[in-house]
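You will see subunit A twice below: alongside subunit B first, and alongside subunit C after that.
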Partner chain A sequence: MKNIVKKYEFYLFIIIVTLVIFFAVFSDNFLNLENFMDILISSSFIGIMAAGMLVVLISGGIDLSVTAIATVAQYIMAITIIDYNGNLFSAFMVAGIIGILLGTFNAFLIYYLRAPALIITIATLNLFYGATIFVTKGKWIYNFPDWFNQSHNLFSFTSADESHFYSGISLPVVILVLVFILTYIILKYTVLGRKIFAMGGNFEAARRAGFNMLGLTIFVYCYIGFLSGIGSVGQVLILHSVQPNAIVGRELEVIAATVLGGASLAGGAGSVFGTALGVALLAIVWNGLVIMGVSSYWHNVIIGLIIIFSVSINAYNRKKTLRGY
Partner chain B sequence: MNEEMLVMSNISKKYGGVQALKSVDFSVKRGEVHCLVGENGSGKSTLIKIISGAIQPEEGAEIFVNNQKENQLTPIKSIQKGIQVIYQDLSVFPNLSVGENIFINYYAKGGNKWVNWKEVNQIARDTIRKIKVNLDFDDNVGSLSIADRQLVAICRAIATNAQLIIMDEPTSSLARHEIEALFLVIQQLKDAGITVLFVSHKLDEILKISDRITVLRDGNKVGVYERDEINDNKLSYLMTGKEFIQKKILGNRKKGKILLEIRGLFKKDQYEDINFKLYQGEILGIAGMIGSGRTELALSLFGMNTPDKGEILLEGKRVDFKSNESAIKASIGYVPEDRIDQGLIMEQAIRENTTVTIFKELLDNLGMINRKKQLSIVNYWIDSLSIRVGNVENPVNTLSGGNQQKIVLAKWLAINPKILILDSPTVGVDIAAKNSLYQIMRELSKRNIGIILISDEVPEILYNCHYILLMQKGKIVEESLPKEITEKELGAKIIGDRK
Partner chain C sequence: MLNKKGIFILSIVLFVFSLTGIAIAQDYEIVHVYKIAGIPFGNVEESGVVQAGEELNVNAYQVAPTEADPAQQVRMIEDLIAKGVDAICVTPNDPSALEPVLKKAQSKGIVVVTNESVGQKGADWDIETVDPKLWGAHSFEKFAGFMDGEGEFALFVGGLGVQFHNDWADAALAVQKEKYPNMKLVTSRIPCGESIELAFTRTNELMKAYPNLKGITGIGSLGPIGAAEALKAKNMAGEIIVVGSVMPEQSAPYLKAGLIQAGSMSDPKKLGYSMVYVAKLLLDGEEIKDGMPVPGLGNAKVDFEEKTIRLHGVLDITAENAETLGF
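Take a look at the complex of A and B:
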């Protein structure tokens, strides 16, 4: 029990429960299955990217270009689907491969230029995004085939008297769950994942231990690239459209959720469970405030305060352990 | 025993124009503790790097490991041959558990893609048991002391069946009792048949732990000696080519003008009941271990750790320093224990570092730094402390430890101090530079500067101070004149009644 209380995730969980109670008390529309599904669906994209971000942060890096990668992947995926008549599988394939390619590009620059990943990925964010806007002239894409638009709901719930139709388990949510499980397994049970932790803890020592540092760098940036590609398809399935300027800008939300979940910007620390809680916390606050009709300007203020609060808990805990109490 | 595990002959290495090693022969016998000693720049590190396969020697070199000729040692080959280097920075992973740190080399081997946590912890536990150290495989390495991290690094080497463990200056950041503990572990390794190559420039340690000693100087091998045929003075002569004779400062305490007087200084959980006087031109030694409250006390005198009770009188007037800024204004300088983190801005130029305490005085009418004035001050101190620098625009981290410490000293001398507090000033500094620092201290004392020298090195305190205070567990427990005490007695007193 003592160990659980010590864990940062525990505090995060308490905050979430408190918020859920708060919103449930102050709004009738918050605590129901439909809203719960809504929160899950709307946070699936951020969540999938956050899983990738977690791996990158643990390795000691950061990737601000996730959203630009997602934009590129989405666009190219849309064109293939519409012009070349693909299927759902090929949609994910195309987007995933684009993500991997752009991730490799990031990895090579970061590894060989020995420059901070922050700078490199700010550069590639602009590069990927700017090039997409230039080529597409910022045009939206709507005309997806029907089979594509209908494929996001796997099955639906109906209430017992069949008077109510709830949105059901959606494909992006299933992907989100699978991605979290996959990431957990990689980080906890594969040598690859442990090497990523080691790399983030002490890069030079990892090199001395004989790890293939280029390989590890390529993996982490390809992983986040791949996930943002996959996630971006899920996003299109939900929205039925591609808006080239809709995603870029949300990379900070991804990082915020991950860091909120306990991942360290200095590398070497973070957990899938924490990240899931971080994503959930942000999504719940966002949703709750909307339902309560709070002005959207306040959303950012409140989210900022929550992040400061949780970072303070983290710092306080660390101080305590440093003192050895 | 006595079978040679590693034989190297005719090892040469050139870096740019500098000949780091000149046709050196070197060998280590199985199961011995062999010390490789030499001053900074003597070629120790180069030789280790060649053994570890990190760099290649020049042509004509021959290396045999276990009587097998190695044409080219690479890092991986060297590890396969059972050679493990424990670097000064220890190369541990602070975010991982003790167990995983010990296991980490198995990850590099390839083969297994999945982690078997039971195996990780089993191997860690077995290894910890093998050298009988007190480590919990579940602890995070980041929460351990430097000494324990070192044990983790040693366990890691053993876990991969190391036959030869090379320790590069392993004691440089350890307290004395931790060093003793490390020596016990080295003894355990030896008993287990593991060969240890111990790289150091600390005479007392070398003499204590080694079976044989190889001395390097300026890239040449001076010789290899059995422990019994060598002593302190001889070893220091072999290392430096010079003789250093240390003499105590004799006589009674000369009582001139009182610079600093401390009355009943107290800070909770740090130190208590501290009373002493520092006279003009006096070198006052505070002998105490890490954790005795010595650094906390020093910081209080320097305005960085406000005491709870008591008085500090500066030339008879009571002062209450709110920050080190006011202490500096009152002409107090403080050379910290940790020059790398606290004494210097390592990446910045020598010029900037030397004048960082007096930027205000360098300003011209426009509020800009007068570079001419700055350079002349920098050059003055470089000359008068005979600091060996190539170019004053080079970053400080290009200098050797001794010269770095002289830069720290210079920046405080630049404020024209009345009182200088030196906290363990010669840690990681080689013999020649050490002696030159001692010379400087004596010079300063002749110029009426009062010096407080804090250290746990026995000869350092004994041979350089006018008066000695012994600090233990936050209290000054004894005072004595150097002439009243021997090296052995002082050494025993510093370690105290721990055992």
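Take a look at the complex of A and C:
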């Protein structure tokens, strides 16, 4: 089992390296630090949500409401910041707590109704998002205080002529990295992580082994809720606008990246490294296509083909491995 | 032969009839079905709908689905038909998906007026307060002015399948070909104009792919905002010209900071007003005539074959006026 997962990540990694070489050969502007940082910034939000989705998928669940939770958390955070000022820490706190609350709501429904997480979270996606649009009338928010609108870079790389802050390690990227490390530690080195794997591998067996299934369910959905809340603040820090209808709809992008990274929709399998590769693959292809000057009419077609290709290699490889046993 | 009493009774009867007449006029229920609830453009459009309702003495209001989903619009229109409203004004999410339900409304005697949907089947008339071709050409002239008529540029649209945006872009590029041979489009139109995040990402990529890029223009009110955020993050205000469709209030800080040079937008309030105005005309049984005046929107150009009423309502947005327009 472990070998297969390892192999899959390996092949995914090879595909990414091949693509990077390909783009670098055909465009002089692809392989440089600035572009690398731009890709990281652009994929930070999806990446943070994908880390949460990984944990949920491993536990045998799924959370389609992740984008709706992000929308609610982002909106309430924005209103709080504008009405009560505060600071960056309080912004993340508010969004994180909203995420945890909505995640708890999901967890209770999923646990006590014993219904598939898919349908419950489709329902809560509509509930959270619909209620937000209803209450707020979907108004965009862009009048943030100045301290919030400043760029939040740890340090900046300046161009040779020193006129531009070409790029920096911006806060959302730092959060992305921290979230991946945290998720890795939880899954790999804690009892909790092993229990989540066991829960996704065989729910009934885990229950009979005496695991607190309610507690695990709550943790898993709160974790993704928390991360989508945190991630949504990161997104506002980059874009300085809250556009409540812009996030919902991207949950499939999050799931695609996670599953592409080797997480199983059936539960019990997946890795942080794979998820990072899945997010990276999609981000790199989009970036590379634009930088190579490929006509936008082809972008979706090529993305679709590359996903099919990656998954086929995985399927072929798995067949071969299984035959080997 | 009428005596005094008879005249008195008759006048009372006439008076009561006239009251009912007024009552009927007031009871016209004119509903605007918008694309999606709560976006600012729709909200200001709603204020125009309500204003027309007050001024024209009709019950006019707006409804909209929570997502830009044609199926949800169909359901809303079904409900309005069941409710028995007098006129339905629609901004379709998908013209062909709405065709059957609009025809059903017409068969029940409901007046159907559409917007952003020229040649809509199932509509009595379509109203356009913005002509994508005129607007695209108008906007490109502004853009070319800031570009000094030369240099590389990129073009954003909201989506590659959006007819209005494609017509807008075609018209803009036609102006460029004809009048500005020294300007060069670097790549085909890019679909990112409705998302700040996508426009931000694409702008970063374009700046790398085309180091000589001098300007970005486009349709879709979030494209310029995303481009401006990308420039702001790199401390590059003014180094790339950004001109396109924007929402005034949202773009105000960017215009002031020189991150966006100029913008334009159709006037949503006038648009909302004009739909209710035309619906009321039709309910009153009046004829649509070429050149008829519509309050605040000039004289109509009427295309009887396509059943389209064209009015002019493009608003130029600058750093000076952006904060005063109310949306």
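We take it that the second predicted complex is superposed on the first by the 307 of 325 C-alpha atoms of A that agree within 3 Å, B and C clash if a C-alpha of one lies under 4 Å from a C-alpha of the other, contacts with A are read in each partner's own complex, and residues count from 1 in each chain.
Here, contacts are C-beta pairs under 8 Å (C-beta built on N, C-alpha and C of every residue); 3 or more make two chains touch, one makes a residue touch a chain.
Keep in mind that this is a model prediction, so the values were computed, not measured.
> Taking subunit A as the common reference for superposition, should the pair subunit B and subunit C be classed as clashing or as fitting?
Fit: subunit B and subunit C sit side by side once superposed on subunit A.
> So, A:Ser27: does it touch subunit B (first), subunit C (second), both, or neither?
second
> Does subunit B (first) or subunit C (second) touch A:Gly201, or do both, or does neither?
Only subunit B is touched by A:Gly201; subunit C is not.
> How wide is the angle at subunit A between subunit B and subunit C, using CA centres, rounded to the nearest 10°?
Apex at subunit A; the opening toward subunit B and subunit C is 120 degrees.
> Let me test your reading of the model: by the given contact rule, A:Val191 touches which partner, first (subunit B), second (subunit C), both or neither?
A:Val191: touches subunit B, not subunit C.
> So, A:Ile238: does it touch subunit B (first), subunit C (second), both, or neither?
Touch status of A:Ile238: second partner only.
> Of subunit B and subunit C, which one contacts the greater number of residues in subunit A?
For subunit A, the partner with the higher number of touched residues is C.
> Could you tell me if A:Asn85 is touching subunit B, subunit C, both of them or neither one (first, second, both, neither)?
neither
> Which partner does A:Lys139 reach: the first (subunit B), the second (subunit C), both, or neither?
Only subunit C is touched by A:Lys139; subunit B is not.
> A:Ala209 contacts which: subunit B (first), subunit C (second), both, neither?
First partner only.
> Look at the superposition and give the distance in whole angstrom between the closest pair of CA atoms, one from subunit B and one from subunit C.
When the complexes share the chain A frame, the smallest subunit B-subunit C C-alpha distance is 31 Å.
> Identify the overlap between the subunit B-contacting and the subunit C-contacting residues of subunit A.
none
> Within the complex, which stretch of subunit C touches subunit A?
Subunit C residues touching subunit A: 36-40, 43, 66-68, 160, 186-191, 195-197, 200-202, 204-206, 208-211, 222, 225-226, 229, 233-236, 247, 250, 253.
> Which part of subunit B faces subunit A closely enough to touch in the complex?
So the residues of subunit B touching subunit A come out as 75-76, 79, 87, 89, 91-96, 100, 104-105, 107-108, 112-115, 143.
> Help me check something: in the complex, which residues belonging to subunit A touch subunit B?
For subunit A paired with subunit B, touching residues are 188-195, 197-198, 200-202, 204-206, 208-211, 267-269, 321, 324.
> Contact residues on subunit A for subunit C in the complex?
By the definition above, subunit A touches subunit C via 27, 29-30, 32, 34-35, 38, 42, 45, 129-130, 133-134, 136-140, 142, 151, 163-167, 235, 238-241, 243-246, 248, 286-287, 290-293, 295-297.
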